[in-house]
Structure formats: C-alpha cells, structure tokens
Amino acid sequence: MDLLEVARGPALQVSLAIFVFGVTWRLLGLLLLPWRTDHSEPRGTAPSAIVAVLQANLRKMWPHKTFVRATVFQFVNGYVFHVGLAIVVFLFAPHILFIKSLFGVTWPALPSNLVYAVGAITLFSLIAGLLHRLTSPVLQLISRADDYISWLVTLLPVATGLLAIIQVGARYETLLALHILSICLFFIWFPFGKLMHAFTFFLSRGATGVRLKHRGAQI
Amino acid sequence: MGGTAMTTLLAQNLNSELADAVLREIPVLMQRLLDTGETGTIDLRSLPMTDWDRRQLATRLGEGEVKAFVTVGGTSTVIETQFAGVWWIRHEGADGRIAAEQVVVARAPEFLLAHPADIEAAQRRLSALLSGSAEAQFGEAGHG
Amino acid sequence: MTARVTASGAPYEVQGEVSDKDRLNHAMRTFLKEFGAQASIQMESCVRCGMCANACHFYITMQDPKYTPIYKLRPFEQAYSRHFGPFAPLFRLFGIAPSVTIQELEEWQRFLYDSCNMCGRCTLACPMGIDIAELVKEARHGMYAAGLVPDRLELMDRTTKKWGSPATPPEDFADIVNEAAEKYGVKINVDLPKADILVTVAPAELTEHTKALADIAKILNRMGVSWTYSSGGFEASNIGFINGDVELQEKMTRKIIDRAIEIGAHTLLLPECGHAYGAARWESARWYGKQPPISILHMMEFLAESINSGAISVKPIGSTASFHDPCQVVRRGGLKEQPRDVLRALGFEIKELADHGPLAFCCGGGGGVVSCARADPLRNRAFEIKRRQVEDAGAEHFVTGCGQCRITLTMGAKHAKWDKKTESLLELVADNLEGE
Amino acid sequence: MAETRTLGEFLVERGVSRRAFLKYSSYLATLMALPPSAAEAMAEGLAKARRQAVIWLSFQECTGCTESLTRAFSPTLEDLIFNFISLDYHHTLMAVSGEAAENARLQSMAENKGKYIVMADGSVPMKDGGVYSTIAGRTNLETLHETAKDAFAVISVGTCAAFGGLPHADPNPTGAVAIQDIVKDKPVINIPGCPPIPDVMTGTVAHILSFGKLPELDDLKRPKAFFGETIHDRCYRRPFYQRGLFAKSFDDEGARKGWCLYEVGCKGPVTYNACATLKWNGGVSFPIQSGHGCLGCSEPDFWDKGGFYRPLPTPLASVREHVTEAAAAGAVLGGAAAWLARSQQNAYKSETKKPEEA
C-alpha cells in the first residue's frame, strides 16, 4: 500500500471517524447542558428567539462602524481566508467529488485556475494572520497552543494542495497523499480545538442575540 | 466524425505561439554556425507543438533550392528552406508515419552526407565489382 | 479583610479566614454551579482574534494587553475546560488545562473588578458574539465565593446584608425622605400601606443627591397617581449583582419586588441607576421562575412614557445636549430612544457623542469600579475618552440617566479639572415641569 | 551466438547505411526527449556496439507484452531494433522447440556471460514452492535465478514483471512477486504498462546499446525518459481540467465534447507513462483520446486501487459505516459529559447550601 492509498484509505477513514466522534461528543456535551431560559417579560419590540438568533448571526457578519478602524486587519483578513477557504474547499472540482462521495450531493465547480489563485491568496492571508498573531501584543498574550495548531492544520492542506498543483517538492502522487494526510490532520484536530467555532459560532452569536434582543437591545 | 476526434482536431488547430518561438531561435543558431561552424538542431516533435503550429512554421520558412528524398526505413525528406543553411527534415517510417521532424541549421545536414564507413563499404563493393566478383556482392546486399 | 500584593506586584484583598484550598474550591464550584449551555458554548467559541481589546476603554487608554476583555476570563476559562466542558476528563487526563491556582485568582482580582465594568461593549465587538460581560459576572460569582473581592465592595456587601442598603438602615429611611420633602418643599409619600407605584432609590440619593427623592415625588404628585416609598423595600441598587454574591442579589431583588406586590403596586419604579435595572428588570425572573406580576420600569423609561402619553408636560429649555448612555440601561437594557425622547421634549437639540447609544463608552465606574478606590487612576484614564467625546460633540448640557455614571463622571471631571457638569435627566424634567 | 562484428559492420553487410542509424537515433531522441544533438552521438554509439544478446523469459503473464512488442514489427523504422539484438531465446515464440530452445538459452548465457540482457515478462509465483508456473519442469524462480546470475541487466517488461501486476492483485493466490523482488544483485529496469508501449521497450534497449549503460531511472526503476511525466501532464484534455470542464458520465454532453475524464475515474494525474505523447497503434490514439480514463496500468497495484471509475480524490474505503459508529460513540460520550457536568452542578448546589442551612 503506497502513501496515497494509505491517505485515501485508512487515514481518511480513521480521521473522519475521529472528526465525527469528536464533534458529536463536544456538541452534544454542550447541547445537553441545562439551557438557561430568560423568564423576564420581553420588551414589546423583541422578536422571537429564532429571529433573534438569525438577526444576531447576520449582524455579526460585519463589525460595528466604530470598531472598524482598530480591527480592520482582523476583519478583512478574516474574511479573505474564510471566503478563500470556502471557495477552495467547496468549489474546486476534486473537492466536490470528495464531498459527493461522502454525501452524494454535487454542484458546479469553478475553473481550476481560478481556484488556484484563490488558494494562493488564502495561503498569504493565513500567513498574514500568523504574522499578526506573532506581532500583536494582545494576541501574543491571549494566544494558546490551540491557536497555532489550528492555524497549522488549516494552512497545511492549503499549502500542500498548492504544492500538488505546481508539483514542487515531490512527485504529484506524494504531494496529493500529503495533501490528503494534512486534511486528515485537520479533521482529527478539528473537534478538539478552536476550529470547532465553525459549529459553535452560530449558537454563540445566537445566545447573545436572544439575550439582548429580548431586552430590546442591539447586538 | 466523433466528438473525440473533433476535439483532437480542435486541439491540433490551436495556436500555441510556439511557431514564433522556434522562428526566433533560428537566427541565433545561424549566427552560431557562422561564428563557430557548429550546427544546430531543433526537434519539432519533442516540443508540444500543434499541427497548426508546424504548418505555420513551415509556411513562414518556405522552400528553397534543395529538396532531397532519402529512402531508408521509409522515406525521409530534406528541404532547404528559403533561408540558406536552414533545413527542414522529416523522417517517415515505412508506414508513412512521421517518426521525427527537425529544423537543422548547417551548411548541409549530417543526414545527407555519406558516412566514411558507408563510403568504405561502397568502395569495397565497387572494387569488387571492377575485379569481376560483383554479382555475389550485389546478391548479398540485396537482402537488406 | 487584608490587603496584599501578588508576586507580580498586583494589589489584591482577601476576606475570610479560609485555607487557600477551600477558597479555590469555593471559587470553582460557585463559578460552575449555574453554568448553562449558553455560557458553555460561549466559553468554547473564542477564536483569539483579539478584537474585543479595541472595544474596552481600559485597553484603549492604557494600551496594555492585559486589559483585553477575554484575558480577564483566563483562569475561569481554564477552570471551565478542566472541570465542566465536554472534554473536561481529557483536559484532566492529559493535563492540558492545569488546575487554576489561588495565586492566579488573586492576580485576576484586578482584572475582574478594577478593570471591568461589565459594560458589554466587548460583547458587541466579538465576532463570535461571546457575551464577555456576562461571563465576567459569572466569574465574579466564583471570586466572591473565594473571598477575593476588593475590600470596599465587600464592605458594601456586609453593610447591605445588615441594613438592606449600603447607605442607610431601614429605620432611618423615612427620616431621610421626610427631610428631603421639607428641604425641597414637596409632598412625599412614604410607607403607605397600599399604592399603585412603589418607588425605589439608589444609595447616592440617600446621601448627596437627595434632591432626586423630591424630584420624582414632584412628578408623581403632578400626575396624581398613587405611589409611595417604603422603608420595607427602598433599595434598588444591588451590590450582590455587582460583587458576584448571588445570595445577596436574590435577597435584594426579592425585597423590593415582594414589597411592591405586598402593597398591591402594579409598577416598581427604579431610580436613575444602571445595574438596578439589570438586576430587577432582567434577572428578577430568575429568582421567581417567572416574570413577577408587576411591571418594572427604569426612571428614564417612566419619564419617557409619562411625557409621550401626555401625563406630564415639560417646558422647552431650548439648548443643546449630549447624552451619556448608561451601559446597563441602554447597551444591555435596550432603552436607547427613551432618554432621547425626554431630551427632545425638553427642547434640546441632541448632539450625539461619537460613540453613543448601544456603542457608547462606559463612564468607567460601573460594576463597582467607582467604589474601588484602588482603581481610581485607571478610571481617571478611561475618563479621557468620554471627556474627549463630550468636548467634540460641543453641546451645552451633558446629561445622563444613571446616578452611578453621574458620580463617576463628576469625579472624573474633578480629577481632570474639567468644568463640565453631568446633569440628571430626572432633575431636568422635575425642574422644568409645565405649570410650575 | 557470440557476435564479434559491430552493428555498423553487421548492417553495412546487409546494405543498411549509416543514415538509417542517424534516422533511428533522431527518432529515439525525439521519443526520449533527448537533446537533438544526442542523436548523432547515439548513432555513432549504435554503429560501434555489438549485437546485443537478449534472453526473453516469460512467467505468469498473458502474452500481452509480447503481443505489444511484436505489434511494432511492421516494416517500419522500429524494426531496426531487431537487427540490433539477437533474440536468442523467447519462451513464447519458441514454445514448440522444446529442449532445443532451452539449450539455446544455456548456450547464449555461456557465450555472452555477463553481457546478455534478460527481458522478463510476468510475475513469479512464490507460494507452495512456486509450483503455479513451471517451464520444462522447473519453476520460474529457478529459471530466473539461473538466467539472471550472469546477465548484464534485467529488464522487467510489463506491470506483472515490474510490480507483480494482475497475479499479484488481491488475494494473490499464487504468491506472485515482481522480478525486482527476486533479482537483487543485477541492475533491474522496469518497463511497466499493461502492456507497455512498444517504443518504450525498444527505446530502452537502444539506449543501452548506444550509450553502453542503463538509462536514468526513477524511484520505481522506470526510465525517466518515458516515465518522467504523468499522463495528466501531457494530456491534450488538460486544458479542460484547468477550466473545470468535466465529463460526468461516459455519455453526457461533456464526454461528447471531449472534456476531462477526471470525474469518471481517470488516473492520469498519478500515472507516469508516455501514452499521451507516444500513443498506441502506430500513434493513432490512447485511452483518453478514445474516451476512457487512464487506468493507471503502469503504476504498482493499479488493480487494487479502489476501482477504475472511482475518481481520484474520493476515499478508497467506505467511511460512512464507521462514521455512524463514531457518531454513536461521540453521542454516548457527549451525553455522559453533560450528565457528569449536571450532576457535578447538583453536588455543588447541595454542598454550598449546607453551611447556610446548618
């Protein structure tokens, strides 16, 4: 069994199982905790909880104007690599095939050359994010090992994917294997670190949204 | 015509701009030939040229004074282009398939020159002919 | 009560004669006791982007990363991960989140009390929507249980436990009120057995701002409604809410609400006080398991309703005014338009501060910081932002609707030798009632 | 039979001129992407070389490789190679000759000791003493050991010889192994493919003849000149891949338009071979041009790589069943974690209430 077979076979199998296992564990471990209900009478203008959750999630897509100047880098760079990752992950033909093989659903892909360019931008954006983390006193203070591990397991698939495309450093099948293995690493780390925010952000924003909207306040 | 063949045709009719690149290389080789006497060869089949590219190149180079056919394991055509010292050589197998195609920059292509070993053998044969034992010699060679 | 200094030189104060181990135990258990799904999800959602730092007036003025809001939660994040989160067993097994030490809690006293007003501006900056202010409140529950709050706050806590108010024992309340009635020539109802509206007060109104006692009386009298003060339930401020003393918080809330129900009131009127609104309006239902059968109104809300409904009318002053939004009432209470309605009724042209409404900067004194003398230098620095914004807005009047804010802003102005007066919305209305 | 004449002398006697060498060398240089100037040196080298003794051994195979090679035997340029070599033994072609053929092999081995080349097709069964394939009563293993002992080099022709191929495929009932797993003390060149491209076989032999040494090999011992690039790299449909235009099935619009076959399982991106440039059947076409994805036949274990129609980026194993189990396990632990947290909270609540009540 060569490296690519290991990657496409047992490595994916095991890492996806760990991913699902960990995500279910963590999510259920949170969702099954007692939910604190606010019994106070809502402000007359308060929307329903569902609407509040959606409003909060929508509102949090964009910072308040007053915060823009000080956090413009985090905000813009955050958008660049999130959107970049989304494009690369969900609109690259081989990735769509991967998703189709898992879920049976499929959709049109973007031209590969365009995805390559987006991948390169994403890579630079991630590197810029790390440099910012390493140079900002605030981030130096609050960063945990998780932040660097999560960064690395996000960067590696992008970097190895790009290397596989330009075929630098090793033969294509080796790079492809490394690419898949790096994704396995991502899957394995995902449930245990902050990457989990991909699932919790909605609930976290929603919880505050419900609290503040209930009071007729803004989020 | 099937879709696949059509696509192939389409792909073969693309202009990859390699004809231009090859054309620009030729004067450099000519200058080297003048300066050092060194011959130069461009292997057209190992470049990812399309048929269109090759046609384009052939048209631009044109045909000059010399045109030679060599029959050895199929036909080979040697043409001097309208530019002196620039030769177009096309080697075909016995089945007519193109085996190799080159642009050679030389006073005369090596391929046209008789090799000393062949001359030597020929001289032996001719001498044998003159000495009267020619028939056996020719008979043997006939197998080749 | 002992004032001490941590190894890094941070001052902290300790209450009670309990071993460090017990302190730690109490802190962790009390902190986690009421943790629910929402708080847990938010504890797990931080991506360490650092955007909250730039929302905090303490970080902005000090530029010290230690004032980053999420950093103020660090030992409690660690405690959560190790003792409560879904992966707590893993964290313990692999020693990923080491046990929080008492030294860390001591160190963090200044971050959780001196440099956080629980104003919630960071909550609005957080892209993950983490309600950091609420989590700091949860953390204070642990700190209080550990006996690790600033002495001044603990003193107020003990006084309140004894008197039911940090300002005065209940037996003196009627006297104070009656003195104010006399001084300002207003009829004041106190301890009526039945009334529609129970009016409550803030501690400062029983000491330096006694005019407020008369001001609301004047308005209510003019409206001709049935109202009363009550010695059995007058204190609207809630030091338990601020300190993290949950028991006291519940006790204080029940005291005024039960009293209101007892006298058959349909409305509990809260004074110009920020956290009183949070504690009574939004958190009282927690203790009753349902909304208490009365409506609970903040003074700003009451004034706006009274003016908008025509129950009272005011004379236009015809000047310009800026409004300082008290965070517990506006950002975290939802009453943005009410004070502005009142100001407009008073004929003011409103000149908004650069950051106003839900995004206004905190006065810097909320959450007990104004009572904690140790934090004065920090608070005075944070005041610089407010002063700059007020000056930039360039209005004649600077008004607010929270006694605590008013005190903080007045103290800040005094320290900065700035002659801008912070006015009370209630006082402006009372002084300009039509038909005086 | 030991040859004392050079190829130049040998062919001149047969009336083949040096121009033929030059022409053939030009052809090889094009095939192997050698610099054009190498053609003349190659021609000189060939002319000076001795006729090469070749012993062709066939083991567990289907004769497809031999077929492929003999298909090149049309009266074209490539047949020159058969003037360059002396095929002293070919098991399949000589099958009827019996004992005489075996003697020819032994004679050639003795006369060309240390100089002959062994070309082998088919894999060697190892299980049960190698009884699954025998010739003249001897196992393939014995024959290979004996023949390879004094060889100059061994060329494994076809994927079976190079990597075990079909006989080696799961469950490998005969315990088949590749030539390189047995021959450890001689240079081995692998020319995989099912079958290999004839020009690659002849080109490799000609390279050895003209330069007197083995061509440069990759890590799987394949001549880099032919196996240096993937099918995908040289595929005329590559532009469609770049533009994201894929056939989704073999009879859809994309397939008709000749779009990239990646999504219907083409293994071109991970397959190193020269099909896309040299093509098959006298340069007529190659699988992708004929509308089918590359099977990856020149790669080890191509038969066991999850199916010819399974697209490359998809997982090889079924992940879904394990996912269900993993989700169930996660749900149990998540539930347990929440239960633990809740009961902890209840314990805290009763503990902290005690002193007050007492």
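We call the chains A, B, C and D, going by the order they appear; numbering starts again at 1 in every chain.
We adopt the following convention: a residue touches a chain if its C-beta (ideal position, glycine included) is under 8 Å from a C-beta of that chain, and two chains touch if they have at least 3 such contacts.
Predicted, not measured: the structure shown is a model, and the values here were computed from it.
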Exercise for review: Give the fewest steps needed to get from subunit A to subunit B, where each step moves from one chain to a chain it touches.
Suggested key: 2
Check your understanding: Measuring from the mean of all protein Cα atoms shown, which chain centre lies nearest?
Key -> A
Exercise for review: Measure off the straight-line distance from the CA centroid of subunit C to the CA centroid of subunit D, and report it in whole Å.
Suggested key: 78
Study note, to complete from the structure: The distance between the C-alpha centres of subunit B and subunit C, rounded to whole Å, is 94
Check your understanding: Rounded to the nearest whole Å, what is the centre-to-centre distance of subunit A and subunit D, using the mean of the C-alpha atoms as each centre?
Key -> 41
Exercise for review: Just give me the whole-number Å value for how far the CA centre of subunit B lies from that of subunit D.
Suggested key: 33
Check your understanding: Among the residues of subunit D, which are close enough to touch at least two other chains?
Key -> 333-334, 337-338, 341, 345
Check your understanding: Considering subunit B alone, which of its residues make contact with at least two other chains?
Key -> none
Practice item. Any chance you could list the residues of subunit A touching two or more other chains? Key: 25-26, 28-34
Check your understanding: Pairwise, which chains touch?
Key -> A-C, A-D, B-D, C-D
Review point. For subunit D, which residues count as touching subunit B in their complex?
Key: 8, 11-20, 22-24, 26-27, 29-30, 33, 35-37, 39-40, 47, 74-80, 234, 236-237, 239, 255-258, 282-283, 289-291
Point to revise | subunit B residues within the subunit D interface of the complex | key: 3-4, 6-8, 10-11, 41-43, 45-46, 48, 70, 72-74, 76, 89, 91, 93-95, 97, 99-102, 110-111, 115, 117-118, 121, 140-144
Exercise for review: Over in the complex, which subunit D residues touch subunit A? Could you list them?
Suggested key: 230, 232, 241-244, 246, 262-263, 269-270, 300-301, 305-306, 310-320, 322-323, 325-327, 329-331, 333-335, 337-339, 341-342, 345
Study note, to complete from the structure: The answer for subunit C against subunit A in the complex is residues 34-42, 44-51, 53-55, 59, 65-66, 68, 70-71, 74, 85-87, 90, 123-131, 134, 281-286, 288-291, 295, 330-336, 354-355, 357-359
Revision key, fill the gap. Note: in the complex, subunit A contacts subunit C through residues 25-26, 28-36, 38-41, 43, 56-57, 60, 63-64, 66-67, 70-71, 74-75, 78, 133, 136-144, 146-147, 192, 194, 196-197, 200-201, 203-209, 211-212, 215-219
